[in-house]
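Okay, got some structures for you below.
Heads up, the next two complexes both have subunit A, just with different partners, subunit B and then subunit C.
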Partner chain A sequence: MSDQVQEQVREFIGGRYPDAEISESDDIFQLGFINSLFAMELVLFIEKRFGITIPNDELRIDNFRTTRSMAELVERCSPAAVGAKA
Partner chain B sequence: MTVSVTPLAERGPLAGTAVVRDRASARAFVDAHIIPYANDFERAGCIPQELLDRMSAAGLWAPFLPPDAGGAGMSMVTLGELHEEVGRGCSSVRSLLTVHTMLSWALQRWGTPEQRARWAVSLARGEILGAFCLTEPEAGSDAVGITTTAVSSGAGWCLRGTKKWITNGQRAGLFLVFARVGDGPAGSIAAFLVPRAAPGVSVRPIPDILGTRASMLAEVTFDDVRLDSDALLGPSGFAAGMVLTGTLDLGRYSVAAGCTGIIQGCLEACADYTTRRQVGGRPLRDLELIRAKVSDMVTDVRAARLLCAEAGRLKDAGEASTIIATWVAKYFASRAAARHAAEAVQVHGANGCGPDYPVARYYRDAKVMEIIEGSNEIQQVTIASEAYRESRP
Partner chain C sequence: MSTEVSTGVIGVVGAGVMGIGVAQNLAQTGHEVILVDTSEEIVAGAVAAIRNNCRMSRLLGGPALDAGEVLSRITPGVGADAVAKADIVIENVTENWDVKREVHEALDAACGPQAIFIVNTSAFPITKVAAVTSRPGQVVGVHFMNPVPAKPAVELIPGFHTTPRTVERTKQLLTAMGKKAIQVKDACGFVSNRVLMLTVNEAAYLVHEGVADAASVDEVFRSCFGHPMGPLETADLIGVDTILYSVEVLYEYYSDSKYRPCPLLRQMTDAGLHGRKSGQGFYDYTGAGAGAVAGAS
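After this line comes the complex of A and B, so read on.
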């Protein structure tokens, strides 16, 4: 699951920025191309592709730094995880 | 949050006002209550309270909100159609809808349950009107250049600064204000919900503007306005930029739809005028040069409408590509509106320069559309990046 999420996020970023080559631990904010427009697109993509809603308190920069942290975010916000928490 | 909402259309002096839920009912509303009076609105420099109340009765203010928040759960595609129809009638009225929509959407998307419980139903009913406060005397397209500050103060915030060119600033009861919350660069902007009644808020009307002359523009000053901690809307830090991006995206969508309405208005005005106006014993519409202008209007209004519908469809589907699709729709529609409004004045000749026809108003309003919610030049810079993306739709 985590690997699949990371791969799809990488594909999405690569579609927007073809020259970007990122590993699971690369900080995408250090790559210099992230702006608020792309950040919004990224959030919309993650919510749509993985069928989750990201609550305000999860919209922290650290959750979007790497594909790994985004995969962990998806895991936490998945319906099963949210249901178990409730 | 569950509320019981009695439609305003069922009570009071506006009883009988049909609720607007689709393009056809919006068109009927605009034909009856806006188009006959739009030039008067412009001359008066304001929208009469009676129309604002009637829009409440028709459920026009925020129908996209969910039913339990007082809305109708309307899709973005349908919302765009409504804004197009209102834009066909009067861009000033449409601009009030735009900023109210921006605030209401931001509240629904980013607000806490408590914030939504406090404001959503009143916004849906139009009992409180919203305004969007980003632009400042020295910061327009350069949004990160704003100097209004919100400083943490005790359990809340202290807001200080001046916003300019605020649509419906004269009448709005709730402002969505963007302010700098730290000394750092971009990510330190945050959004706040500020009631007009808060001590320290002052409003100065801006009269005699080029277009949307009835949009009740104002300069709004926040002089050490004390706000509770729950005035902060949405996340702070890096994600706060998304509140601004998302809100502007919806505003851009509404403006694009409104521009489509301007083109449709130009088309209808020209078709009507050139049918009745005679030249050399023949109706003006028989002239080939006139028909060329009208055919371009027919073509462009359909193209603009399709671009808006596509942007709306992508919003309804939650697709990330809606943001660029909306930029494209607004860019195309605003340029086409300005071009066709100029041609509509030309077709009407001297009559087009006077107050007896709508086209002079369309002309003034269309120019404004090339500047607001992202100037043409900002749009070009942004849209060009799409050409260099690997995966294209």
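After this line comes the complex of A and C, so read on.
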């Protein structure tokens, strides 16, 4: 699941920034060409693609720095995880 | 000195990208706002956008915002009469002279004689806008940057007849909004757009002529100059249609061919490729086939 999420997020970033070569732990905002506006697009992409709603307190830039942190976010917000917590 | 600036109702006219940002910025800094446009549907869409922007605020380095609290200070309305009681009206309509003129004539007729009109424009001479009202001393220009709540500074432009009191009240409001005002003189395009619009227009020509695609143009600015965004990403953020109108205003005002609008900007505007707000511009924002589109074929 985590690998699939990371791959799809990497594809989405690659669609906009074809030259971006990122590993799962690279901070995309440290690459020098991705700004916080793109984080808003990542939010919309992740919510649409994985059918989740990211709670407001999870909308922090740190959750979108690496493909790994985004995969962990998706896992935390997926219906199964939310159901298990409730 | 009166303190009514920070306590009076502020009218925000035009609920597009800029009006949405101005209304949100005012509301989140404690001001009561009346947000108006030409239809209830447009204003309802703006309210939904503000709700979403509040949600995203921290991602843009802003404060954590309670959308309900912010929206509780914004009253939706339709037409100039809805802002009749406002102390200050901030106009954010399309950068088109006929539209600006009509709106300011309507506001002048609707609002009380004490009201100050702030013209949010990136291009139009403030003196020209003020001349269609009966209160040229109370008309002043403020060029807000996009996204408004995230940008710390504005250009402040007094017109020929703008009174010192109007400038002072406007500065007070801007300070209360968290903005630094950089005062410049009234000349079409002011400082920012005399430079920026030529840059964006020339960048569009490079794509139009096939010299480079949009991604490569922007990459040069980011990687070589260290700019956070390239000119075509900036165009998509501002709105490709807005860029075109701004370049046209400069071209008409100065009668100088150096401002000749790139045909690609016109074609994209006609095709509805207006940038982020329409989901597609020089880049695709729909998430489906994200990437550079303009000039790719």
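What we mean here is this: the second predicted complex is superposed on the first by the 85 of 86 C-alpha atoms of A that agree within 3 Å, B and C clash if a C-alpha of one lies under 4 Å from a C-alpha of the other, contacts with A are read in each partner's own complex, and residues count from 1 in each chain.
In this section, a residue touches a chain if its C-beta (ideal position, glycine included) is under 8 Å from a C-beta of that chain, and two chains touch if they have at least 3 such contacts.
Model, not experiment: these values are computed from the prediction.
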item	value
First (subunit B), second (subunit C), both or neither touched by A:39	both
Which superposed partner A:61 touches (first subunit B, second subunit C, both, neither)	both
Contact residues common to both interfaces of subunit A (with subunit B and with subunit C)	12, 15-16, 18, 36-37, 39-41, 43-45, 48, 56, 59-61, 64
Complex contact set, residues of subunit C against subunit A	55-56, 58-61, 64, 147, 215, 219, 222-223, 226, 228-229, 237, 283-285, 287, 289-292
Subunit A partner contacts - residues on subunit B that touch it in the complex	110, 112, 186-187, 234-235, 237-239, 241-242, 244-246, 249, 317-323, 382, 388-391
Partner subunit B, residues of subunit A touching it in the complex	12, 14-16, 18, 36-37, 39-45, 47-48, 56-57, 59-61, 64
Residue ranges of subunit A touching subunit C (in the complex, touch as defined)	12, 15-19, 32-33, 35-37, 39-41, 43-45, 48-49, 56, 59-61, 64
